[in-house]
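Here it is, the structure in full.
For clarity, chains are labelled A, B, C and D in written order, and residue numbers in each chain start from 1.
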């Protein structure tokens, strides 16, 4: 015993046990740096290449940018949570389309038409409920069967799309309600309705992820599922909730977008899952889960929309747009990796 | 304390896995305020039994009684609710979260609307950390902590609730003595509060220091319970492995050959600085030091996994550049890493394939791998290391912790590298196998191989080494010859105290 | 048997379809399905290596369009004998590029291959100017044998698929390279610590995948002797579905060629069976959904010997 | 007058050679006209992206917008915005829904319903010539589900066929997604399923040739009358070879030039008809000599 006491007395080594924490600012700020780069590039390149009379950095153009980021943006925000969980949802595009169909079609139902403009909030609720229900199905299957979310939602990406077509064959589903359109096109304090929804969603989700038990558990589960289970977190219901949340958000995205456009093709929303995932990953969220940030995802969304917009602005043709978007994605990933390096002392595995 | 009603009783627990009867009618009784050791060889079923108790696994047969009332525990949450806290053998933490969030994982304090009560969380955590005498705070990201400190976080979980029973599954496997002392204090405190403690360890000296009773498992069967005060190490060993161990065999010293590996002025950023040493053929060089002293990083550098910022490495007198493990293996260097789960094993792959992975190219005939040769190697080392597995097809992830470690050791022993580095080789290994591994290391040296042993266990270093390098904070403070070393001088060296000052 | 959930699922589907329409198991139909699955199948073989190695490849569809367009274009300028190796070389370059990014630079494969999906599509459009590519003299070329020919009454695409499946199956299960692919996918760090050159192994899986894509492109071009720029579009997900259906783990480290072949055949026969039943195409979607989940579920449930709620 | 800037947002350029040829024809036509500058955008088939592009064009204050709608209804509010901003909108290739007509200066493009109807007539005439109009059984391979063009052509065909050949049965319709390979697979299944198929109507020649390939492989091409739409070079060649009966001649170059000209006319204040269809004549093996081979 006496001997061990001397152990305690022995001075601990003076290099602290705490490793140098990685700079959150650099890591999470990377995407915003990229956004700024894009802005600079397109305004300069636009001077020479664009046929347009207005500047790229025009305020109205930037407000439009936010608005146009909304459809994929709202989905990407939800995808962030699902991915922090260590899952993924490939069915959001189909969920988006099916919710849109319910939104527009429900307004043509006789009893809804009798309600006049009150049909609008009801139609929203129907659409949001549809999205939530589809998310529920995904979540339940993931929970109860234990099949990987990638596979479950790859399947429902097809299956939900099948339902979309079942609803109305190959026809678009349309209902143009000008009250609704006017609401959706409105600007409040300069921001479009869609922008408010995007920013509102971002704020709420940011609070959820940083402040609430649910949000923190999402990180824990994604980071170390076994540890979370061992600590008594009910992982299955937690997944279920998050799948319902992303279903809800896909529907919200549809509500925001189709309120304005009034018609949905059965193909709408295809590839949205890939764009949303891309935005999330550009924002630095780890595909394996456990790490990520809502705000950075917002950056990822803006970066993508900016790229599309800017390439159009400078007059790039289709093949160039494809090539450039693809290569830029990779380049951003590369940069992000360089920024995240721990230096030459890093373990090479 | 001795004859109070038990807090916890297990009756006739049976648990089978495909091809394995891991528990075969085990009984166990835990009284309030006692520290009850659970011992047994690797794969005896200790962890499995505790997982049953912790609600992680469901037994095929048998009952669990808490305060003499039968309970069914189908999840860790339920077990926790009934006052059973489980500190796992394998680290079970979320790297990206803070220390506080990890300690209160699953039960973060809430305010309204499901918000986390951060103030309360951090305050409570800091209070707990204070009793543990650690040097990090509640907000530290767990991934930024050393393994030992992570283990302390794991231990801190036992202090968050007022448990009826706490299970420690090999908590000291990656702790050094300083932290161990803290752990033992924690255990004393719990004990004083009347909590029953189950303590699993392969280290006899700990068992005899802190436990009140010892229950022994063997091949999934209950072998009996002994009072610690009334028994001896030999008796426990006898019960565990059915024979007594000859621990007296002291290492044979023999003639050394030429210098196999020589390191001069090696540095790697702030991890370690200006390290020089050499190992001869036939020699075992021990590296001893506190956790974080940089021993592992040196090993990783020699194995081509880190780029040194200065210094040179010579193998057989020729300066070499080791850029990757492939290079290292080509130069005859092997490494048994310290983190078997993360670095040592492909958990989803079978035992044989894991063991032969580094030499799979050499074992092939023509373009194809040679099954026969591989199985032969596996069989040979399974026998030598006494690896308990139903067969080579068993998935490594299904083996007990100690048996997994043996697979990693077998992997490198079978490679017969000229210089073998073993980092914490007997972490989690039972007493019988431990001495077997020590013997193997000595035998290897006797055959003319050079061996570097990194260990945080002083008896181990003292027992197997011909020379011992004592490290402190990234530097080799002193190198001792086996004959001249004393425990005190070693402790001084690894604590950064200059010999003069002590003298 | 319990471990072969996927085979059971396969057998059940075949019986159901055969009862619904006996022509389903007509030898001509079966051969037809296998032949038209062969292109997808060959791509799936390569992707199986990538997935077992712990990565994804979403660029195969777009890359297949590229190799098809390129070989058709070069057919008329260089002649078939030179066009084929030239196309292989170009496709392998693309594979190597991805392999370097994912293997050596360790960039995330999902995003890299997603980026390449788009970038290669751009390249294809640039190459063709967006035009369809057709061989001028369809009657006078021997180029058609890879997609249309027969050997001993067996369609060449089936032969190529079968041969490649056997060869790659042996490579995966019997060679050191195959072993290393499993190790790298199972635990890349541990593989590195065991002296497996992880970056090179990953690199090679992408080369292999590109090689399979090139073969698929060759078969495709040869089958139709002309093509659109979008010929492979969307196939990446079908390929992935087939590989997963075959039980390869997306986390890497698990899967076999044999099971991927079964996965490919299941997808092919579902599609064909539903067409024969005269069901609307969207019913196909829904059925495919259910079948994918059922098959994977059965497969993993058999392994863990428990059907419900593995997740707490 | 100084130059006019005309913005165009197309449906999905990469998807087939028709759209690609349209794009390059459009750019060429604009380049040939010194008075015109263009901003050429592609929506990639995505409605949201197209609406964003219309907004961008409005924001860039172009003088006129040409839109090839991805969805004939969804773009109406965006088109309204343009017209509210005083920018004339010209719809090209496939029209928008009637509700939007108020906001549109003119439509320029083919009449897809008529095309479908004409294809039905070609098919029927052929059956009459072969003397099988009372018993013939046909299958249809339609375009990508959800696209206006696909829907309209199918509708035109299905409505017209019973009028001209009431006794011909349409056995089944499946989509071929504008994709030759997909269509080939669909046709393979049809061939297994139906012992007698006398005619195939495909929503475009790419798919028609896919079906032809399948029938050839099954040795049944000789018994089947293939009729397509949007005569592509492959279709034209197959007709030359005598394998493929007929199609509808529709030139993307005409399409693009008509759209640009309409926009210019509108900007110059000329009177343009609201529905500005360009002609899409029938082409069959009998009269193909009157047409030049399509360039796409």
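Everything that follows uses one rule, which is that contacts are C-beta pairs under 8 Å (C-beta built on N, C-alpha and C of every residue); 3 or more make two chains touch, one makes a residue touch a chain.
Here the structure is a predicted model, which is why all the values come from computation and not from measurement.
With centres defined by CA atoms alone, the chain at the far end from chain D is B.
Averaged Cα coordinates give chain C a centre that lies 32 Å from the centre of chain D.
Here the CA centre of chain B is 44 Å from the CA centre of chain C. Here the spacing of chain B and chain D, counted between their Cα centres, is 71 Å. Between the Cα centres of chain A and chain B there is a gap of 42 Å. Residues of chain A in contact with at least two other chains: 165, 229, 233-234, 318-319, 321-322, 348-349. Taken residue by residue, chain B touches two or more other chains at 75-77, 305, 324, 343, whereas all remaining positions touch fewer.
Residue positions of chain C touching 2 or more other chains: 121, 125, 130, 189, 192-193, 281-282, 312. In terms of inter-chain touching, the protein chains here follow a pattern that is not a line, ring, star or complete graph. Taken together, the chains touch in the following pairs: A-B, A-C, A-D, B-C, C-D.
Those residues of chain D that touch chain C in the complex are listed here as 13-17, 19-21, 23-24, 145, 172, 174-175, 178-181, 184-186, 188-190, 192-193, 206, 209-210, 213, 217, 232-234, 237, 295-296.
Within the complex, the chain C residues that touch chain B are 170, 174-176, 179-180, 182-183, 186-187, 189-197, 253-254, 305, 312.
On chain C, the positions that touch chain D within their shared complex are 21, 23, 26, 28-29, 32, 36, 121, 125, 129-132, 134, 138, 148, 220, 223-224, 226-231, 233, 271-272, 275-276, 278, 281-282. Every residue of chain A that touches chain C in the complex is listed here, in rising order: 141-148, 150-152, 154-166, 229, 233-236, 239, 274, 277-278, 281, 287, 318-330, 333-334, 337, 348-349. The residues of chain C lying in touch with chain A in their complex are 101, 105-108, 110-112, 114-123, 125-126, 130, 188-189, 192-193, 198, 237, 240-241, 244, 249-250, 280-286, 288-290, 292-293, 296-297, 300-301, 304, 308-312.
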